[in-house]
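Across the two complexes that follow, chain A remains constant while its partner is chain B and subsequently chain C.
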Partner chain A sequence: MPSLNLLGQALLAGLFTGGLYALLGLGLSLTWGLLRVINLANFALAFLGAYLSYQLATALRLDPFLTLAIVVPAFFVLGVVLQLGFQRFGISELVSLIVTFGLTVILESLIQWIWTADFRRLETPYVRATLKVGTLYVGVSGLLGFVAAAGLTLGTWAWLRWSYLGKAARALAEDGAMAAAFGVDRRRLALLLSGLSAAYAAVAGLFIALSHTLAPSQIYAWMGVVFAAVIIGRLGNALGLLAAAIAIAASEALTMAVTSPGWAPLVSFTLLIVVLLLRPEL
Partner chain B sequence: MWPLEEVPVSTIPRSLLILMLGGIFIIAPWAPAAAGTSGPPVRIGGTLALTGPLGPTSLVHKIAGEISIEQINKRDGLLGRPVEWVLLDDQSKADVTRTLYERLITVDKVDLLVGPYATNAILSALAVAQRYQKMLVHHSFGIPKLATYPMHIPVSALGNEPDKSLPKKVFEAMESTGQAPRTIAIVTSKFSSVHFISVGAREVAAARGLKVVLYLEYEFGARDFAPIATRIKEANPDFLWVGAIGLDANLLLDAFQTIGYKPRGQYHLFPAPGPLINAPGSAFAFAYTSFEAHPPMTNNPSAEELSRLFHERAKQAGLPYPFVETQAASSFASWQLIEAAVNATRSLDDKVLAAWLKANKVDTVYGKLSFDGPNNYGPEYTKVKQIQNGRWVVVWPKEFAAPGTKIVYPAP
Partner chain C sequence: MRLAPGLGFLGGGLLLALLPALHPPAFYETVLYLVFFWVALATSWNLISGYAGYFSFGHAAFFGAGVYTTATLTATYAVPFLWTLPVAGLVAALLGAGAGAVVFRVRGVRGELFALLTLAITFVLSTIVLNTPIDGGPGVFLAAVPVPRWFGSQNATLYLLSLIVALGSVAAAYGIQRSRWGAGLFAIRDDEDVAEVLGVPTYRYKLCAFAASCFIAGVVGGIYAIFVTYVTVPDVFSIGLAVDAIMMAALGGTRYWFGPAIGAALVTALTQALTGGQSAILNRALIGAILIAVIVFLPDGVAGGAARWLKRLARPAGAVVVTTARVIALPTRPGAAAGTPLLQCADVRKAFRGLQALAGVTLEARAGEILGLIGPNGSGKSTLINVVSGYYQSDGGRVTFDGHSITGVDGHRIASLGLSRTYQIPRSFRRLTALDNVALAAMFGAPARSREAARREARRWLAFTGLADRAAALPEELNLHERKFLDLARALASEPKLVLMDEVLSGLTPTQMGEALQLVRKIREQGTTVVFVEHIMPAVIDLADRVVVLSYGRVLAEGKPRDVMRDREVIRAYLGRAYA
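Right, the complex of A and B next:
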């Protein structure tokens, strides 16, 4: 019988991992839900962001969080450029999947060329800092990642729900022609959303660098589970994504705590199948 | 003359193909041409996991292979002809490996084969080699009982029964300290070779009177080790055996850091050589090895030269641990075997070469290797290494221990 401490520690790990899933999935959820672009390159961008944060923090001895001041604007521009490319070639939803997979492969090669295939670890005080709450250990980098995930998903949800631009984006996804008739500039809004998505990937990258050892091939390790979280949370729904990501990660962590850890990978897809069976409209 | 690294690109849209090929050309390895050679090159084909989860360790094999090719070509190549290494990226996937070896034989028409990295890929390559009756010299196969093909030549310290011999050596090392562990936790990846040996470790531990207080298996490529780390902490073993490969060891140590746990003794089976040494909490960790770049192993002239060259290249390539160890030495030895067999027989015929290697002892970076035991395996020569003062050093068996070192257990 697992102890309460073990269950508590597992749930905490699930919460933090869920935050990371949500950060990684936020950009994908926005572009897929609102622009109909399945941007797999989001994962590669997150890792590129992680490596850039690692490089800037290591070479310039910057606080890792200060690297965001450089990486986030740069990635916003990158996202805009990417969307300009999609618009220029009129890329459809299905084709975007293939094209962005190709981009992912290219970015992986680029990362491997610059930083080699060997592991990289960002050594900062955040990595080892731990708080003790009762009998539980709380990793500071995980906690900060969760706070960032909660803040960004909540902010994005509120922005989409209450701001003019957010409403315009939702209207565009609902009925593009009608939204355009009401003066929504689809092209510019798409550029904004794509830039935002890439900027979110940069933030996710920082927290990956803070909490994980980096290797280019790790890009693909996150895809399946984050995809499941994005779909279960409903496309374009930031809060739904956060809830789904936490549910998946907590279920995985509890599975590892009480049964053989080898069963954990089944959890996300089992949840996905169950949810799709119960709510096929997703 | 200049070997070019190739990557399968069949699933990539044509519009991206040009860009990708551009990238591949940029990262293509270069080896100098042979000085006193002439005629068409002898083409030796193989794959490595240049991308994917096994990429970091494959990079070590790539550097060792490039050094080998350079040295062979400096010695006038093979049969007076320059040697070219046709290296493909198997992406750490066994199914891709199978296809690429098929391609190496039927399309690239290479003269000889050299193995890929790691057990799953080698199993795939062995099947293809057997179908075409090609000799396969390989360097990182972990389940000898599955290698029944008569023309495979394994450079492996593991011997024929690593599931028994390797754990035995680890436990002997611990017992030699006079403070032998009484309880053990075993956690292992399901990756075939480490799983096979870790299952053996469970049996050997029980047979030697160690109480196995925790046994866990996790999927290859697992990311979150926090719950596993907490379970190990709660089990509180005297000794921890980790059937680790790739990133596992680092991820587990990261999780230990978060929960404030430090094992009294920890053994990691096949960690990538560099990263573990730099991981917080890795001091005094043990791991498997067959070679480390210190005396008495570097007393061998070819080992000394390999150590020097590898150190230069690995630093250039930015490897975090730029020293020769098991992986580099095994790779280098596999090329030494090919060179010795071709020079001795003056032939490129696979059957002739395999027969010669099975009948002779060959001088390598390890000393003399033989392939006359069950499934072509010779005697085992595994060693136990430990992180001491920021370096990996062999601590067991005593005769191979780095000068002035002894086993530190329990960790201070």
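Right, the complex of A and C next:
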């Protein structure tokens, strides 16, 4: 049995990884739950964001967090354009999955063409900075990522729950035609949500760049576990997503500490299977 | 005509099978092997996902089960390679059937949820294989496994094996699509609940389709293991493999037995042509763009696009509209003696959370009568129909039909006893023509029929309901009253002893209503008992022999229509105390 300190460290790692899962899943959960678009390209977008942050930070010597000022608005526009395309062709849920897979392939090729298939690592002061809290080491970039994840998911959740626009978005998800009949501008709201989701992918990208080595093939590495978190947390429910993401990442981290790292996926996906079978309504 | 695909198939297969005898450069055999590999995988994926609409994202899991079965049996236990192939298929099929046996019981797991479940199975299985001696991490070497030499080379053997599997899977897809099973699967894809109530054994059909699909994937995996000679977990259990198969099937057309094969051949050829040389990366992007373009502009795939184009070409020639006379003779069927109880509900209860929709309903419908079921909105009429037809499980009480207890019995079994229904809002299978909608019911009704007999029967019922000239139309091309009559034709085509009609008259014009009343009388004349839910009182008085009034989930009154209408309790329930 590993020591208490090791378990604490594992839980902390789980917490931070969970934050990253939530950041990656936020856009997916919003577009799927509210717009019925399963945006597989969310992962490729996040990696494009990561590479852009990497490029801006290394070439222009910008502070990594400043790169968000450029990448986030650009991605918002990208998300809006994507949704414009979906609306133009009246795309169904299943077709959205296939289209965004095609988009993923295109983005992956683009990334590989520009940055090659080699591993890239963003070297900044944040990467190595750690704080010591009691007996635990706390990575600064991990902590910041978690704060960003918690802030964005809580903010989104509160926005959807209490603001008029958020209520309109939820009404839209439940019965689009009826919401439109009561004066909700379906198209513009959908554009806003899609833009927001892409912007979240940009933020997720930055924290991936800060905490992980980048390679185009890594786009696919996160899909399974993030999908699991999005579904366990209930579609369109940002708070549920955060809780599910942390639960999954923490259980993975504990599995790694107690058994071997190889067994970690078993936990999250068994959890997903059980949740789906016990509470299948989305 | 019917022989043509079979002969073409056999001829093409033989030609391809003779290829190794010519000793072509190994390159051609390898490319063709790849084409066959993908044809088999995409076609197998389509059996469960295209036909039944259960979207599998986890085909890599079942493929991988086959890969590692063959790898383990040949490398560890020295089983001859050819013997391992059926075992690989069986292991994969058992895995699929095991997963399906659990998953298909959960009503809510459809479409995307099924996709994610199968995705999760991939990860769970790959983790287990990676961490146990099955693989253990370093991968399995299979170069030393002896392979029989057909036509003098191992490559030719693998080529021929994959050819056999590809042809076999396409033939299976063809056979299934033309069978009752296939018709049932297509109905499940459009509306599973309706399919069940029409007599399709949905659970068994899905399970068998999934197992068949997994079996093919497993055999393909077994051949693949020996073909690549070195297998690793990340290569085998990759989402990419599942997604590629999906992409090919979608590209070719998921509603056609040959669609996935076309898609597989196109994509493989395209990949071979484009990924050589310097611009490999950009060409991959091009494939992504082609995928998007095809799925956006041809939602039914290449095969669907071609079919639509052919139909448009053929239309001017065959634009003769045949209107069949409405009055057709209906055979009277021997049934239970008139007046004896056919359907009996005893103290039937059903609650939705706090709402007691049925609070102990006891009533009976007698053979040969027209029973009107009336009551204010929310009194439990539709719930009762849903319980009787097997869509809802009741919380208590007993339902007996024609001497059989049907409490808690699956919908398709109730249907085969001779009970059918219509829906308040018509629920047609939206991708099937009016004719096929009705034929499905005839196929799975009380007397089970072949596809051809069912189509003949369906034409009769379309004529009976005045829809003869709309046989080729899709439900979305029909107006509301036509769709209501289509629903009715479908309910009648199963030759029920009793038909439950949920508000067939609402929304009809007075003329249409007159026609509908005539229809209902004629239905009864041929010996079918009718229970109908209705709000239009003149029609109820006109039509019903007897009326049962429900209110708050209980029977409030029953008797002759005119007596019941004068009942003070009934007036109070409908209009309030002041009028009573």
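One rule holds for everything that comes next: the second predicted complex is superposed on the first by the 281 of 282 C-alpha atoms of A that agree within 3 Å, B and C clash if a C-alpha of one lies under 4 Å from a C-alpha of the other, contacts with A are read in each partner's own complex, and residues count from 1 in each chain.
Going forward, a contact is a pair of C-beta atoms (placed from the backbone, for glycine too) under 8 Å apart; a residue touches a chain by one contact, two chains touch by 3 or more.
Just so it is clear, the structure is predicted and the values come from calculations on it, not from any experiment.
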Clash-or-fit label for the pair chain B, chain C on chain A: clash
Which of chain B and chain C A:Trp113 touches, first, second, both or neither: both
Touched partner set for A:Gly102, first chain B, second chain C, both or neither: both
Chain B versus chain C as contact partner of A:Pro265, first or second or both or neither: both
Touched partner set for A:Asn5, first chain B, second chain C, both or neither: first
First, second, both or neither for A:Ile91, with chain B first and chain C second: second
First, second, both or neither for A:Ile38, with chain B first and chain C second: second
Chain B versus chain C as contact partner of A:Leu276, first or second or both or neither: second
Comparison of chain B and chain C by chain A residues contacted: B
Which superposed partner A:Phe227 touches (first chain B, second chain C, both, neither): second
Chain B collision site on chain C, chosen from 8-16, 26-34, 170-178 or 188-196, when both complexes are overlaid on chain A: 26-34
Residues on chain A lying within both footprints (that of chain B and that of chain C): 98-99, 102-103, 105-106, 108-110, 112-113, 260, 262, 264-265
In the complex, chain C residues that touch chain A: 55, 102-103, 106-109, 111-113, 116-117, 119-124, 126-128, 130-131, 137, 238-240, 243, 246-247, 250, 281-282, 284-285, 287-289, 291-292, 295-296, 299
Chain B-facing residues of chain A, complex: 3, 5-6, 9-10, 12-13, 17, 98-99, 102-103, 105-106, 108-110, 112-113, 115-121, 123, 127-128, 130, 132, 137, 139, 142, 211-213, 215-218, 221-222, 249, 252-254, 256-257, 260-262, 264-265
Residues of chain B touching chain A in the complex: 12-13, 15-16, 19-20, 23-24, 26-27, 50-53, 55-56, 58-59, 92, 190, 216-219, 221-224, 226-228, 230-231, 234, 247, 250-251, 254, 257-260, 272, 274-275, 278-280, 317-320
Contact footprint of chain C on chain A as seen in their complex: 38, 89, 91-95, 97-99, 101-106, 108-110, 112-113, 220, 223-224, 227-228, 231, 260, 262-266, 268-270, 272-273, 276-277, 280-282
